[in-house]
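Pasting the structures here.
Presented sequentially are two complexes of subunit A, the first with subunit B as partner and the second with subunit C.
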Partner chain A sequence: MARMKFLLDAERCIECNACVTACKNEHEVPWGINRRRVVTLNDGKPGERSISMACMHCTDAPCMAVCPVDCFYKTAEGVVLHSKDLCIGCGYCFYACPFGAPQYPQAGNFGTRGKMDKCTFCSGGPEADNSEAELVKYGRNRLAEGKLPLCAEMCSTKALLAGDGDIVAGIYRERVVTRGYGSGAWGWATAYKESAGT
Partner chain B sequence: MLTRKSSAGARGTSLAQALAATTGGAVDRRTFLHRSGLAAGGMAAASALPWGFVQEADAANRAPLKQAAEVKRIKNICTHCSVGCTVTAIVQNGVWIRQEPTFESPINLGAHCAKGAAIREIVHGERRLKYPMKLANGQWERMSWDQAIGEIGDKLLKIRETSGPDSVYWLGSAKFTNEAAYWFRKFAAFWGTNNVDHQARICHSTTVAGVAQTWGYGAMTNSYNDIQNSRAMFLIGGNPAEAHPVSLLHMLKSKEQNQAPFIVCDPRFTRTAAHATEYVRIRPGTDIAVIWGILHHIFKNGWEDKDFIAKRVYGMDDVRKEVAKYTPEDVEKITGVPGSQLARVAKTLAEHRPFTIIWCMGGTQHTVGSANVRAYCTLGLAMGTIGTSGGGANIYRGHCNVQGATDMGLEPITLPAYYGLIEPAWRHLSRVWGVPYDYMVSRFKEKKFMEAPGIPESRWHDGVLEAKENLEQPDNLRAMVFWGHGANTQTRGPEAKKAMEKVDLLLVVDPHPIQVAAMSDRKDGIYLLPDCSALEQDGSRTASNRSLQWGHKIVDPIFESKNDLEIIYLLAKKFGYAEQMFKNIKMDGTKPLVDDVLRELNRGSLTIGYSGQSPERLKLHMENQQHFDPRTLKARDGTPVAGDTYGMPWPCWGKPEHKHPGTHVLYDTSKTVAEGGLNFRALFGNERNGVNLLAEGSYPKGAEIKDGHPPFTYGMLKRLGWDKDLTDAERKEIEEIGGANPDAVPWQLDLSAGIIRVAIKHGCAPFGNGKARANVWNFPDPVPIHREPLYTPRRDLVAQYPTYTDRRGGRLPILYKTIQDKDFSKDFPMIVSTGRLVEYEGGGDETRSNKWLAELQQNMFIEINPADATRIGVKNNQDVWVFGAENNVKLKVKALITERVGKGVAWMPFHFAGHWMGQDRRFRYPPGADPIVLGEAANTLMTYGYDPVTQMQETKVSICRIEKA
Partner chain C sequence: MAVAALMLAAVLISVGTTPAYAQATGGAPPVSAGSINTGERPLAGITDSNDAELLRALKGAQGQVTIQDEKAAVLIQPQGRDWRAAIKGPVRVAGAWLVLGMVVVLIVFFLMRGRITIDKGFSGRTIARFNGLDRFTHWLTASSFVILVLSGLNISYGRYLLLPIIGPDAFTGLSLALKYAHNFVALPFMVGVVMMFVLWVGHNIPNKYDFQWLAMAGGLFSKGAHPPSKKFNAGQKIIFWSVILGGAIISVSGIFLLFPFYFGDIHDQQLMQILHAVFALILISIVLAHVYIGSLGMEGAFDAMYTGEVDENWAREHHNVWVAQVKGEPVPGHD
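Let's turn to the complex of A and B:
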């Protein structure tokens, strides 16, 4: 069975933000919620590298561990999803997440945040696949349609890969061998307790 | 969530087919996506949810997958940059509900940048201009189309009557389809003026002129895809990671798979430079000295391609003499680049041939733009990399159809397809249009205005403000039409504002109200007509690599907007020449059939081979994208498009039925002309001062003339005895066109395309076989030399490298020395340059109105080096005032402190508008049509300066002073 993972090849990411707008386009994510974002290190200096970040769907997901209402669940493909019906917007998952993935629609008095929103690996939520309810709460379910996350499919330089962890790692490893350099699959050690291609 | 979800699940099959077609043998990323994608889908459907309290996925509750019949998959082309990414729209009930990657496109292989991945928002269009409007008594009023065309038409006709047709300026667009661009140019001709232009003037006009004058055609010689074959990449004055992100898909392939060194020369350490193997920081405006500095080492070490130069290049010895003056010490003094670094660059290039030379607006938008581009070309000629796969000059054009609009003559200096404005050109086009030549003459004030180049768009405001006696036309401009063109992309903002307030009428035809609505303080006399985007109409557009791609209408024009062809028809009808102008076009009410426009365009556009790409062939290519190889662009055998090159890059010689495949790499002699081979064009005569200008012993594979030769004429065919290959019909047409002197009919005026067909049958290029010119004797600097920018803080260099003397051009005076002589450097000590951001495009009215993009860049800013910031006393993200050298301009923007720019250099993006010297002018926009993000326009500050050949504006070097706000 496939174990879905994201892999970001920082040698290829050019910070074009296609992944960010593709996500907005596919799921009609409102202004202010960023399921995916691109972060640049050493901006404007030699060694500048960019990294596209979203929920990494960790193997031992800290968000799941800390959620007081157990709203998270893991699919058979290893995708970490959650139920917005159960979420109380407490924000614990935000503090637990090493990638800053959880997003909240509002910031009001007394710490009210609204229901948490995050990357679903384009695979919806607990509602029936491709149902109206799932669409409204979580966006589209591409996995159920036999497709992969749109952010990776539309990546301008194929820097962002999404899919079966073994296959994406294989592609990355092949690239590193061909070109002779690679800065490692970013975030893999944290998310999956393993490295790829280095 | 705004739209109902449809199932595109049924698309699995076609996705799989597409993927299978674009993959080779090995498992690569796309194969992987395909396989693991399908596998994942299967498993997702079968998976049970482990948590008892969440709702069980239940097959019975699934959305029905029956929509296959009503869900359409429609392909069009991205409307942003010139890469030409295919956009796949999923449309249901006339609504564009989703966007899918287009893996089968050989150009983008599914990829997009932020703009392409957000393009669906354009036809949601919450901030679009929704219906015709006018500004009256300071208020925006809604109008009907009839009312608007009536009022606008009456006013323009009155101006035409009192001041002549040259007093209306028709500024068109690089976002037009080829058909609309061609039609707009024709429309201006019927109106009776050459005062027509589009964005190419301020983007790559210097490239088009400089490159065409070097070797024949002013366009990218190879393609984005062909860069995969490069052994090295030399990029100067471009930031494709932001301006053409998907091109990096091909460039990184070269870098990774060929281990190609990637050299980036730029004043800014751009996001592209971050991926370079060698970054060369140059002082803005010193490109020629950089190139000559490299050539200095090449000549010194004898690394030039002597055989190539002897056979195919004229004037290289003149370059050699000039280059000798650019010693490493002098070059370092001018450019700031250490001699040792350029020596290393020269060696790298010499050892990695073929290398490709890539440039963009950092090279073109200068007072020396047309000289810069010739220096780049000369580097390629000296090294023998032009006309080779993996080599060439890969010139990245800007807008999605700026190449096509340029080709279609949307310019004040030529008719469609570079025929020029001379009488034979007008006679040729009159023949194509089916109107008497005398009728066309009668449309102009006088015949001399018909043959005199119009005012370039970069100077339109001077056409309004300049004293009448200084103008070479009967009266000043009195009406300005912005048809798909921003107003903040032109320099000298305050003068533009003044001109906007002086003209009788401002007409904006655009999907957005653009800055024109907000910039001036007019109380009336502005009309806005809603134009639809290219996504809402059928038609072809030409990518930077000269490939034509057919875009299918995704949805009907939204709100009350109409497409360009229809709006042109409505105006032509009002002006009384619709019947003559639309003679060859089938009409559906007021809507012209776009296929017919392309057929007429094909018939007349022989010079550049826009003649073989019929609507039928273009649509066939779009349907069969998966059959083209992403590296060679060649179609695979046994497919419906076998033999063709994707998009039939021009020249695609002769008639569609001649089945020329298109020309992937220009001037490549390793192929026959029939397969897309070529040689340099014989455009400059047979000899000069006794020196042969025709090629010597170099010719395309299979040519029967194994040497240089002049362009073909009917007479030449006769002398060769090849005229017997003409059909009777072709002979008859040639003789009809030739009248008393049929032997003089040249290949490009022969509407039968018989001369072209026969020349190619004998293996020869119809346009002759000449040498490329390293010495362009008809330019102000026959061999480029470094000249200091008009506004420069390096006063010490002005005496040795002065600018040009004042001159005239485009019906106007152009100042050089007068401006450079005055020293502003005390008050304005810093250099300021401008450029692009990935999220926005051009004037940005469209992209700043797109919520998915606007969210990513919410503030106008200026990049300042930390050393300068310390001196000024400004911190990151604080507001600063940026003062300009003309008109007491000041801009209020955010400071971005970064080492991206060097000491003494500041940089601003030019996409913002809507603020004016500190004032937010959102209140001036029609309600609901204001872009989400507004900001100061960089070009409010950018100063005077124009290229002497094309009047390209200087947007890359000016001076400024920055103070804390």
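Let's turn to the complex of A and C:
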């Protein structure tokens, strides 16, 4: 079975934020929550790079390890999902996540957090595939429909790739060979403890 | 290489002198050929095997985002792994050893020494030791501390001890309730610590009797041995300052956690969580000893915080200087 991964090629990202918008629209993500974001480093300076970042669905996921109520699970495709029924909104996963993926709705005054929300690799949650309950809590389940995550699917420069890790790494390696240098497959070393090629 | 850099510089300079770009480059700082080269392809030659290497090449993980969440501008924080390693490793293990170790020590102490009795027995006469405000402050702090400890230990150890027994749904229900309890009961605890400090700090300044008390280990291990002491002996002072200093660290770090990202960034939050857990576990261990000696471990001790009146014989054995001062008698050792 495929091991699903995201790969962001910073040489191609043009900071159009279409991935962010597509994600929010596809999953009806509430206000204040961003499952995906585009971070621009060295904005306006030589060497500016933009990187679209979301949950990387780590191999040894820190969120899973630190969750006090053990609400995370990993699918057969290597996607890290969680149960909003079990989450208590403690915020530990945000402290542990290298990528800042977990998001919390403001549940009350001050810092009271609601149930955590994060990128599902467009594959829903523990509820039945494409059920109403799943749609409301976690958004669309595109994987169950045989589709890949919308952010990557509609990326105009194909900076963001999503799919079987071996295949996206292969595409990236081809690019690196063609253009003669790498730009870093963002987060791969941290998330998967492996290189996508040089 | 140098030739390529010079050519690149020449191209940029010619672009800079083009009228259409004049405004854009007007305020640009002068750049050396080297920085243009690295600026053009900052990541050329870097492999993607190491995120830290990439972040260094781009001078840090702090970027800019168009969404209104400053936290989102941190691209990668690999320190999250250090935090995870700390709380899942040394903090959890050492905390368990501290707390369980103290329980074992107390059990062994009880088996060896038994309950420390009043040598001369109850006299039947009592002396006022703690007034209503003292006792209110003590029990306010104590009861909130118990709730904080149980809810805190549940967050740290419940996944391993309780979750397998009661199942995920019940455990989440309980943990959610305990999370709210922890957040709200924190306030009375902090109030209690501040009140304790104000009420009792005067009696907890170290004095000469403390050295004697410590030299004799408080007479804990020898029957009939009672070092002189004022209102609080050195052991009690250790408890007092542990609660005040430990309570202060736990309160401040707890406020950081209660109001996430109000006072610090992600690294401050991680540091505060570790401080919170470490000092809480240390304080739990110390307070266990306090609870033991104030109840099961010593005859006559519990009355001090229950009725506020202690037996005169108990007071003379454990706090002889204080009794003499209260009763206007000559201070022992100063006749």
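In this section, the second predicted complex is superposed on the first by the 193 of 198 C-alpha atoms of A that agree within 3 Å, B and C clash if a C-alpha of one lies under 4 Å from a C-alpha of the other, contacts with A are read in each partner's own complex, and residues count from 1 in each chain.
The rule we apply is simple: contacts are C-beta pairs under 8 Å (C-beta built on N, C-alpha and C of every residue); 3 or more make two chains touch, one makes a residue touch a chain.
Just so you know, these numbers come straight off a predicted model, no measurement behind them.
In the superposed model, A:L86 makes contact with both subunit B and subunit C.
By the touch criterion defined above, A:D129 reaches subunit B but does not reach subunit C.
By the touch criterion defined above, A:K5 reaches neither subunit B nor subunit C.
If you count the residues of subunit A touched by subunit B and by subunit C, you find the higher number for B. In the overlay built on the shared chain, the residue A:V20 is in contact with subunit B and with subunit C.
Once the two complexes are overlaid on the shared chain, A:H57 sits clear of subunit B and of subunit C alike.
By the touch criterion defined above, A:K45 reaches both subunit B and subunit C.
When the two structures are aligned on the shared chain, A:K118 is found in touch with neither subunit B nor subunit C. Contacts of A:D70 after superposition on the shared chain: both subunit B and subunit C are touched. Where the contact sets of subunit A with subunit B and with subunit C meet, they give residues 17, 20, 32, 43, 45-46, 49, 70, 83, 85-86.
Taken in their complex, subunit A has these residues touching subunit B: 1-2, 4, 11-12, 14-22, 24-28, 31-32, 43-46, 48-50, 70, 73-77, 83, 85-86, 123, 126-132, 135-136, 139-141, 143-148, 150, 152-158, 161, 163-164, 167-168, 170-171, 175, 178-180. Those residues of subunit B that touch subunit A in the complex are listed here as 1-5, 7-9, 11-12, 15, 27-29, 32-33, 35-51, 53-55, 57-58, 61-63, 65, 98-99, 101, 110-118, 120-121, 241-242, 245-246, 248-249, 252, 255-257, 259, 269, 271-272, 274-275, 279, 838-839, 851-853, 855-856, 863, 898-901. Touching subunit C in their complex are the following residues of subunit A: 10, 17, 20, 32, 34, 37-43, 45-47, 49, 51, 53, 62, 65-71, 83, 85-92, 94-100, 110-113, 181-190, 195-198. Residues of subunit C that touch subunit A in their complex: 31, 35-36, 38-51, 54, 58-67, 69, 71-78, 80-81, 83-84, 87-88, 154-156, 158-159, 163, 168-169, 171-172, 175-176, 179, 183, 257-262, 266, 269-270, 273.
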